[in-house]
Every structure is written in C-alpha cells, then in structure tokens.
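Shared between the two complexes below is chain A, which has chain B as its partner in the first and chain C in the second.
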Partner chain A sequence: MKYWKIIWRNVTRNRRRTLLTILSIAFSLLLVTFLRTLVITLGQPNPAPASVRRVAVRRLTSLQERMPESYRQKLERVPHVQLVTAIDWFGGIYREPSNFFANFALDHDRIFDIFPEITLNEGAKQAWMSQRTAAICGAKLAERFGWKVGDRITLLGSIYPVDLDFTLVGIYTNVADERSFYFRRDYLEEMLGRPGKAGVWYLLCDSADSVPAVISTVDAMFRNTDAETLSETERAFEATFTQMIGNVKGLVLSISSVVVFMILLITGNTMAMNIRERSHEIAVLKSLGFQNESLVGMLLGESTIIAMSGGLIGVLGAKLLFMTVDLSELSMGFIRSFQVELPTIALGLTIALLVGLASGAFPALSVTRLTVSDGLRRIG
Partner chain B sequence: MSEALVRIRELSKVFHRDGEEVVALERATLDIGEGEFLALMGPSGSGKTTLLNIIAGIDRATSGEVEIAGTRISRMTDRDLTHWRNQHIGFVFQSFNLIPVLTAFENVELPLLLTSLSRQRRREQVETALRLVGLSDRVKHFPRQLSGGQEQRVAIARAIATDPTLLLADEPTGDLDARSAEEVMTLLSRLNREFGKSVVMVTHDPRAAHHAGRVRYLDKGLLLKEGELPAG
Partner chain C sequence: MAIPLKYNLRNLFVRKVSTTMTVLSIGLVVAVFVALMALGSGIEKTFTSSGDPRNLIVLRKSSQVEGNSAVTKAEFQIVRYLPGIEPAPHGAPLISPEVIVLLNIARRDGTGMSNVTVRGVGQDAFALRPYLRIVRGRVFRPGFREMIVSNNVANRFAGLRLDGRVRFGKGDWNIVGLFEAGGTSFDSEIWTDNDELVNEFDRQGYSSILIRSVDPKAQLELIKQIGADRRMQLEALSEREYYNKQTLAGAGIKALATLMTLFMGVGACFAAMNTMYAAVSNRTREIGTLRALGFSRGSILLSFLIEAVLLALVGGGIGSLLALSVNGISTGSANFVTFTEVTYNFRVTFPLVVSALALSGFLGVLGGFFPARAAAKKPIIDALRSA
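Now for the complex of A and B:
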C-alpha cells in the first residue's frame, strides 16, 4: 500500500497521545474480555458426563430448610432413578473464616457411583469406607493447605453446633472441581444426634432423557406436603448460586456497553484532535491532488491501527494474564476454570476494529468537507 | 493569443463574509504564454493570491472562465479538478507546507504516489527533482532538520516532481532571508529558462519580481493594464 508510510508516521507523530489512547483501549478491552469470559465460565455446565443424568432435589421454600430422611425411600422408587444420595452443606471453618472452602457431608457408599468423576485410589476408597471420620479433599485444596494423607483436620461448625475432627484418607482428582472437602454423612448424623434430615438429595437417572420426567414426578410426589420440593437439573441447581449474585449477564452487558462507548469516545477524541491539528496538512495534500477517499482511507487506517493495537494488547493481554493468574484459586473454587476462548478473542478484536472505524469516520467526514483554500488559511 | 497556455476571461471572485459581499477579483482578463515567467504584484488584499488560487484550481471563481492548456478548469467537477491539479499544477507556498513527519524524499514523492508510476520510477523522479534543487544530500532529512531555504527548495522539488504544465508560486520568498530568497529565485528562473517551465508567481518583493519576464499588478481586485502601477 502506497500510503502505508504516511499512515504509520501519523500514528507515531504524537507518541504519548497514541500510547495513552492505545492503553485506554487495551485496559477497556481487557475488562470486556474478562467480563465476557466470566459470564461464559459461570454458565458453563459441569463437564463430567454423568452431570447430565443428575437431578438435585431441595426444599421449595429455601435451600436452608432441610427435608425428611424418609424421602430417600420414596425417591429411590421413582421410575428411572438409579441412585439417591443426601448431601449436606456443612459450612465448617478450618482454623479461621478466611480459609473458606466448600465442605459437604454425603453418603459414603454412594459417592463414587453418583459422582464417577471423583477419582480416588483403591486404598483411599477402602479407608473411606471403613473409617467413620474419614475425609477426602481435592488435589488443589490439599495443595492450598499443604495437606497430605493421614493429616488430622478439624472443621469448626458454623451452621451446626458441632466441631468435627477428620482424618484425611485420600486426595481426589476431578475434571470439574478439586477444591472441595467431602466427609461421611453418617458421622455428621451421629454427632448431631440423628435428626433424620437432609439438605439436598442428588438423584442419578438412567439417562439424560429421563431427567425431565423424574423432575416432574418428584415434585408432584411431594406437592402439598410439609416439605414441598424443587427439583432441577444439576446445571440449573448450580446456576442458582450464580443467580444469588444478581443478574450477572445483564450487569456484565451493561458494564461492557459503557466501556465500549467510553473507548469509542476516547479514540474519537484522539482522532478528532489529530485531524483538527492537521487540517492545514490535509489541505496541502488536497492541493497536491489527493482525493477525499484517499485521505479518508488514510485517516481510517490510522484510527484502526490505534484501536487494533489497543485491542490486541487488551485481548491477548487478558489471555496471557488469566493463563498465569489462577482465578479458580482466587475465587476459592467458585469459578471452576477461567480460559479466554477464541470467540471471545475474536469478539474483542471485532469491537476494536469497529471502534477504530467508527472513531475515525466522523473526523474523516469533516475532511471531505474541508476546502483547500479554507484548510490552507488555518494554522495547524 | 492562440499560443497562450493560460487564458483567463472576465474572472471575478466575490466572498460573502458576515453578510457582506467582498469583491476579491473583478473581471480579470489575462493570457499567459507557454514558457513565460509572470509575476503578479500588488498590495495586500489586491486579489493576487485569489487569482493564483483560481488558476491552480484550489479555489473557484464566481464568474468568468479559466482555460489552461486547452482545458476549461472552471467547469470541472471537484473530483476532476483535484486529479487535473496533480497532473498539471506544481504549487510552491510561502510557508513551504512540507509534511513534518515525512523526509525530504517522501515529501517530494507525495504527488507521485497519485500516479501509476512504479516505485523505481518514482524514486528516479524524486532523485532528479532533488538533484535539480541541489538537495541530493538531504533526502533523508525531515523538514525540521532543514533551513528555511532548503525547505523551500524541497517544496519546489515537490512542485516539479510530476513535471507539471504550470508552476505556481505564492510569495515563495516571503518567509526567507535575503540569501535564501535569492537562491530560490535563481532556482525558479533556471526552471523557467533552462527547462522551459511556465511560472506564475505572486510576490510583494520587487527583487523577486525582477527575475520574472513580465509583471502585472493588481489593485483592489482589479488587474491593471500592462505596465500600469497601483496608485500611490
């Protein structure tokens, strides 16, 4: 391209201004990339194949209210249900509240059937089955606290009025989550004096196709009882925790729109200043025979280079940043994995391209209206 | 005057400023021959730059006709006029008007970018133009690294790079010291005498006008008769 050198020289003419504009775009698009990836990540289902066959059953009124233990037999008799387990959120504190991690009590003899993605060696499984105070944790949680098999761990009760002592018998791996702590529910029941209540029932259906029918049957079964249920797919159940934060998607969309509008103004202002300062030079180029479309092309090229530079730094910067920063660790497992994917990179660069074209378009339009004689009279 | 390169007939230019009509040029008629060096002189506001700009096709006349090398430019569209200007007009400004972010070479190359010449051919023409103005050793210098006289010589090289039909100069020595002004005028004279370039120059400076073969005066928008001087 014959005009490339002119475009590049104009981009680098006022280096500080160009750099600041590029950085504004870069940080804005880093934020947009982060927010979009966050929305995608929070909406991502459990990647384990068995996840689509699982149904979570909880009290219709509140997650904090529990259901009778007697529901187990009724749930086991629902057509297409293969296995049932009770899960209780213990909410125990390890040493101090800031050491937060998810800890659950569940049926020790069902866990590896309902959650086959939890993998543990045979020795650890045997210990888990034989020791009432046995506990297992994910590899990342063990790494966080430097735990190893055989360690004694005490969780202080925050919901229940008991402190529980455990022996770590195994460290599991799991494609979906390695930051949780599991222990036997019979131990919790014993320590609580066997209240005969369960927080959530997890059902494993015979196939993903049976899930809607199971959900309908279960909720119909307990309708008009003291403890009505709300059954959901595992994905929908997990999404309720995201929804507790609020309308994340709407919030992210609003913030992203404001950010994009902001960078449009910043880049537009830079281009308007650049062109206003150079109207005399533009008139000279016109006097030499440069047509409006060539000048507009050069100005749009300039604004696009600035915006795309910012876009590349922002989007690829986000990719590199979140490859090195473990957001799963920072969010204590709330975010499973945080990876900036190709469509998000493409979206970021498309936004940068559109911002570049839009921010250059209006100032460039003024160039087409500038007459040579008027432009030459202006002191640039 | 059939051999005239530039034929100007009844040319008028009226500006409208703050609701007032300002007559910058009134019914000017002038012929400029091929290979002629004409100086246009007159006090400030006499209309000489307006006349030059209309000849260059960078301003439009309110009425009248301008014909250059057989082409009636007053009837051309803006787009055609811009293209025509690139091919036929070399313009030298008082304040040089070089692009500050481009080197001397790149500034001279600018009008050639609009032609279909190959990169190699453009390079040859730029080098020839810069050699002609005595700046072969300054090709990589930016305008800020050149003296005023050198900047104006680069501007002249840019004006002649496309080998235009007509060279127009608006106060080419106005921003120069006496020595640089003399160098620039010598250069314009040489382009006229040795290379047969037709030159029309607007100037206040009688020493600059001395290099021209013919001088015409303007006063209050009127082109005075041959040999006539403004009153006072």
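Now for the complex of A and C:
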C-alpha cells in the first residue's frame, strides 16, 4: 500500500464529515445487528441436552383443549417412551395481570427425571415431594419479585376457577429458563375436583433417534378418537409460540435492506462530495501521470476505511449494548438470551465492506471520466 | 429582512446528486417509520373499532379474556332474565351466549401455525353485531356441522375455503359461508352454532354472554347487578372496553417502530448535516456577499435552516409516498392477550402522514442548525476573501 499515506490524509482532511459519516453508518449497523440477532434468538432451541429426547403431545384442535387423563397409561406403553408427565399451563395471576410469568402444574414425582436440567438442592426436593402446596421457581423470577424460600404466594386462576396458595420450597437453576414457576399437579387436580384432564403430555424417549417413531405412533394411536393429538419434538413445540408472531423474518429482512440501502446513500453522498471538492487536485495528479487505477484504488480505500470504521463501531457497540441491556428480562423470558454472536458480527462487517466498495463506485466513475483540462478548470 | 425562499430552493437544485441522496436517506427513514406505525395502528384500529357501546360482555371473574372464561348454563338463565336488557324483535331479551374454541391451523404463507378463534354463537349474535354480513354462501344451520369463516381468515389460513371441509374437534366441518365484519376483530374469526360447539368439545357451559342494554343507565345497573350477584361468579363490562384492553397487541410493533426511527433518524440526520456543511462551505463567498448587502446574521441562519428543512420535507414526502404503497395490505399476527391470530390491514392515516412530515422537519432542523449557525458566524471580510 504505497498510497496509504495519501488515503489517510484524505480520510482525515474533513474530519467532521468523516466522523458524521462514520457515526451514521455505526448507528445503522447497530440496528442491523440488533435485527439479525433478534431473528436468530427467536429461533433458538432449548440448550438442555435432554431436550432432543422430549416429545410434547397436545390436542390437535389447539392447546386450549385438554386430553383425558386415561391417555397417560396408553402413552406409557408406547415403545421407547421412558417417562410421561402431564403439564398444565395454569395462567395464574400474581397480584396484577401485568406481573405475567409462566406458571405450570406438573407431576411432582417425574419433573426432575424428565427435566434433568432443572437443578434444585436436596432439601428443597424433599419439601417438594412431601408438601402438596409446594412450588419452585427460577432464580431470575425469584429475583424479580424478591421471593425467598418459605414465602407464601397466591396465584389467581384466570383459566381455572380456583385461586391457589403455595409455599415456595426452592429456587431452581436451569440453563434453558429461570423465569418459570412450577407447582404440583395433584394440588391443582384436587382443587378442581379431579376433572381428569391434561393440557400437554411430555414424553421422555430413550434416545433422540426414537423420537420420530414415537411421534407417529402416538398420533396414529389417537386418530379418529374424540380427542386427536398432535405430537411434536420439544423444539418444534416451543417454536410454535414464536411462529405465532408471524412473519418476523420477512419484516426484519425488509427493514434491514432498507437500512443497508440508506447507509449506501449516505456513504455514497460523502464520497461524491469529497471527489467533487477535489477535482482540481485529481486533475493535477492525472497530469503528473497517475493512472486511473491508482486514483480509483485510493478512492475505494478511503470509502472502505470510512465504512469499515462505522461498521466496527456499530457492531461492537451492539455487542456491548446487549451485554448491558438484558432483553431477556425485558421480554419476560420470551427471548431466552440475547447475545450478539460471531457470525452476526462477521455479517455486519461484510455489509460495511460492501457498502464501502459500492459507495465508491459512482464517484470512481466520475474520476475516470474527468479530463485534466476540465478538472483544472472546474471551481469548487 | 429575510432572504427569499426561492434562493434556497434553487440552491437545492444546484447540487443535484447530494440533494437527491440526502432526500432519499431521509425518505427511507420516514418510509420505515410510516410503514411500521401503519402496522401498529392497523392492529389498534381493529380493537378500537370492535365492540358496540350498547353491548355488555359477561365473563367469569378474573378471567380477563373470553377464551379463559366459563359461564354455566344456570348462570346464563339468571343473566337472561335480568331487567334492562333490550328485547329482540321476537320479544325475548337480546342475548347471545357464546363459546370460544381455538383452532390451531397453518398459515398459507408458510410462516407456521397459529390459533384462530372459533366462536359458537346464539341466534341473536347477528342482531347484536349488525355490521357483520355474509358476502358469499349462507349462514350455518345448527346441528349440521357447518361454519362460516371471515374473508380475512379464509385468505390467511390454508384449507379454509368456501364449500371446503376442515378437521375440528371430533370430525370434519363444512364451510358454508364467508363473512366480513367491518374491520373489527370478528374479521379474524370463524362462527358456528354455540350449543353444537359446546357438545363437540364436551364443555359444561359457555365462555361468555353478550347482551344489549336498553340505555346507558340500565347498562350501569346491569354491570352492578351482575358483579354483585352472589349466585354467580361473573362480571360484566362494556364490549367496547373489553376490546380496548386488547389494543396492547399493537404496542410491540410500535416500540419497534420507535427504535428503528430513532437509530435510522440519527443516521439520516448526520447525512443531512454533512450535506448542509458542504453547502455552507461552498457558498462562503455568497454568504459574504449577502452579508455585505445588508442581510443580518439572523437572516443567514434562518435561510440555511429553511433550506435544510425543505430538503428534509421533500424526503418526508417521498418517504410517505413510498410507505403509502403498503396501505390496505392485509396481514396478521398473534394477539398474545387472547393467544389468537388477529388479521388486520396496514393503515396509513392522515395524522400518521402529518407526524411523518413533522418527523422529517425535525430531522431537517437537527441536521441544519449547526451548519446554519456556522454560516451565520462567518466574518464578512473572511467570507468575501475566500476562494
């Protein structure tokens, strides 16, 4: 790079302009990074190793409808199924509807086998097994409401016509989620007068390979009954909730392309202004014998430096921003963890590089077209 | 004494490329802002326009939404004979016990499954919602496993078409009609007979009751009476209020719109600043001349500021026009309050366009102020001397 010095001089010639351009690219690429991370995050699978062995079974009609308790024995007899638990979304309200968090009733004697990632100390486990009104919650949920072990918590039933009083016996940790509240299903059943219905069945299969067979066996078993089922891998089941939002990918892709086009315009404008103001100088360089290729190279070098600086600031800014702002907390756990990952950083920088090269293209064309006499004559 | 607008306008045309690029970048910000806000207000409009102020909806206490609510048949019999309910043409009270079942079904566009509200209604349901009309086919007959589907739902979900069949509950149902409901949230629903649906899903009773009160005074009385009746665990609220609570569904998209506008706005504002600084430095001599002719610093400042605002407003206009192309496009998303799909249209409204122009004007002022001040501060002698 023998022209390095002249490129650098050109970059720093109009510092204010360079800085403003870099900052507008930075802000825009921060946005692109955020959007890209959002799309990736929403599709993130459950990181727990046992997740690939779990199958969720629900009513074909919709999650709102429930299945007979008698399904349990039938499900337990399906080959490759090791354990079965019922899970009911209680939808309870803690004081105010705005205090929303996920709360589930499930079989207390199976939970730690089917969800081994839920870790709880032995004392808490014993209390959970012996007290009917026991409840456990994730560390982040406990932190949100300042709950301690031993606290009495009341949830008002929104779906079920019962309000339930619980004793918090433990606070669990879990790589996948620490914002849920679990309690014993036998307590809910008792309070409801044992309707004998379950919302979702969770099955633990002996291996990930047997999951497809289990899914087809289960759905075939209940076909043409009064309560047909839809079985899915846990991953697919969880994905249905984000799918409900709709075409997030399409929205994000269209906004991102608009943003990229905008930075292209902004950088292009800066480069066009730079070249216009320097036409005299360029003519002098040409008359000294500089070839078009070298002049264009210098120009592209300049635009790339500007765009890449903006890109770096934007992408790293996004990384830092989301290390401090916890979007997972803000979305109440709907977003599992929001972190800008390496491929996203690479994508942002690639966009910056391409913008740098593309934005120099039109000004470069005018440089090659400029004749020495025109350039020397032109003012401003 | 001010510098004529024409001067600024002409100046914009001198530097065509810069002007165009700046105008376009502001235009893009405005376009994204308008399009996203149009999406948000489309959702909100769906809910604010739903619900008749004369109607009351009766739900189980603390159930929040119809889908969670349950009303027993005994409770229905009590509510039915409360005083203050408007009589229907057939003489009995105007009342519709309704049951909500969600149907999980795949969208046509391949973006996955969502829940559609299936509403089982009583015979007065159509009188209680006179804006709902059948556009093709006919109304369902109770007892024949027939349903009617809103046009929006039929367009958005796979396998829901007139004369088609859909698997639901214990077997297949026939779709015998398509309806429209004037842009309300009923445009996102499927309707059928209430008792048939209760039997199909082995329910003990209904989800909610819709009644028409004779007048506002009777309405207040009914709300009080239903809430206080110890025989029932029910509460009543105006149908309008019920749907207004769900406008929250548009909040997420509006937050996204604000975030986008903020970040893109900063970028575009800096671009405008660059363009204006360049304009100022190119015209240093001109500024000196104007000052020598007697124009004050204030006039120069105002003049450049006006130029920046003009630039931005043209961008705002172009952006609004670009965004207008999405107006009326039908789309949908989940309403996480009810856990069901709501279909709605992008709505580019007049106030939205006005606020978009205000936004672009604001960007212009932000981007133009510092360059304009720099122009006004230039000493006359130096300005005249500069190349």
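We adopt the following convention: the second predicted complex is superposed on the first by the 378 of 380 C-alpha atoms of A that agree within 3 Å, B and C clash if a C-alpha of one lies under 4 Å from a C-alpha of the other, contacts with A are read in each partner's own complex, and residues count from 1 in each chain.
We take it that a contact is a pair of C-beta atoms (placed from the backbone, for glycine too) under 8 Å apart; a residue touches a chain by one contact, two chains touch by 3 or more.
Everything numeric in this text was worked out from a predicted model, so none of it was measured.
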| item | value |
| --- | --- |
| Which superposed partner A:146 touches (first chain B, second chain C, both, neither) | neither |
| Touched partner set for A:25, first chain B, second chain C, both or neither | second |
| Which of chain B and chain C A:270 touches, first, second, both or neither | second |
| First, second, both or neither for A:60, with chain B first and chain C second | second |
| Which of chain B and chain C A:159 touches, first, second, both or neither | second |
| Partner chain in contact with A:373 - chain B first, chain C second, else both or neither | first |
| Partner contacting more residues of chain A (chain B vs chain C) | C |
| Chain B partner contacts - residues on chain A that touch it in the complex | 2-3, 5-6, 9-10, 12-13, 280-281, 284-291, 294, 371-373, 376 |
| Residues of chain A that touch chain C when the two form their complex | 16-17, 20-21, 23-25, 27-28, 30-31, 60-65, 91, 93, 97, 156-159, 161, 226, 228, 230, 239-240, 243-247, 249-250, 255, 258-259, 261-263, 265-266, 268-270, 272-273, 277, 379-380 |
| Residues of chain B that touch chain A when the two form their complex | 53, 56, 58-59, 79, 82-83, 85-87, 91, 93, 97, 99-102, 106, 110-111, 113-114, 158 |
| Chain C residues touching chain A - in the complex, by the definition given at the top | 17-18, 21-22, 24-25, 28-29, 31-32, 36, 60, 62-64, 67-68, 70, 101-104, 107, 109, 111-115, 167-170, 201-202, 233, 259-260, 263-264, 266-271, 273-275, 277-278, 282, 331-334, 336, 339, 341, 387 |
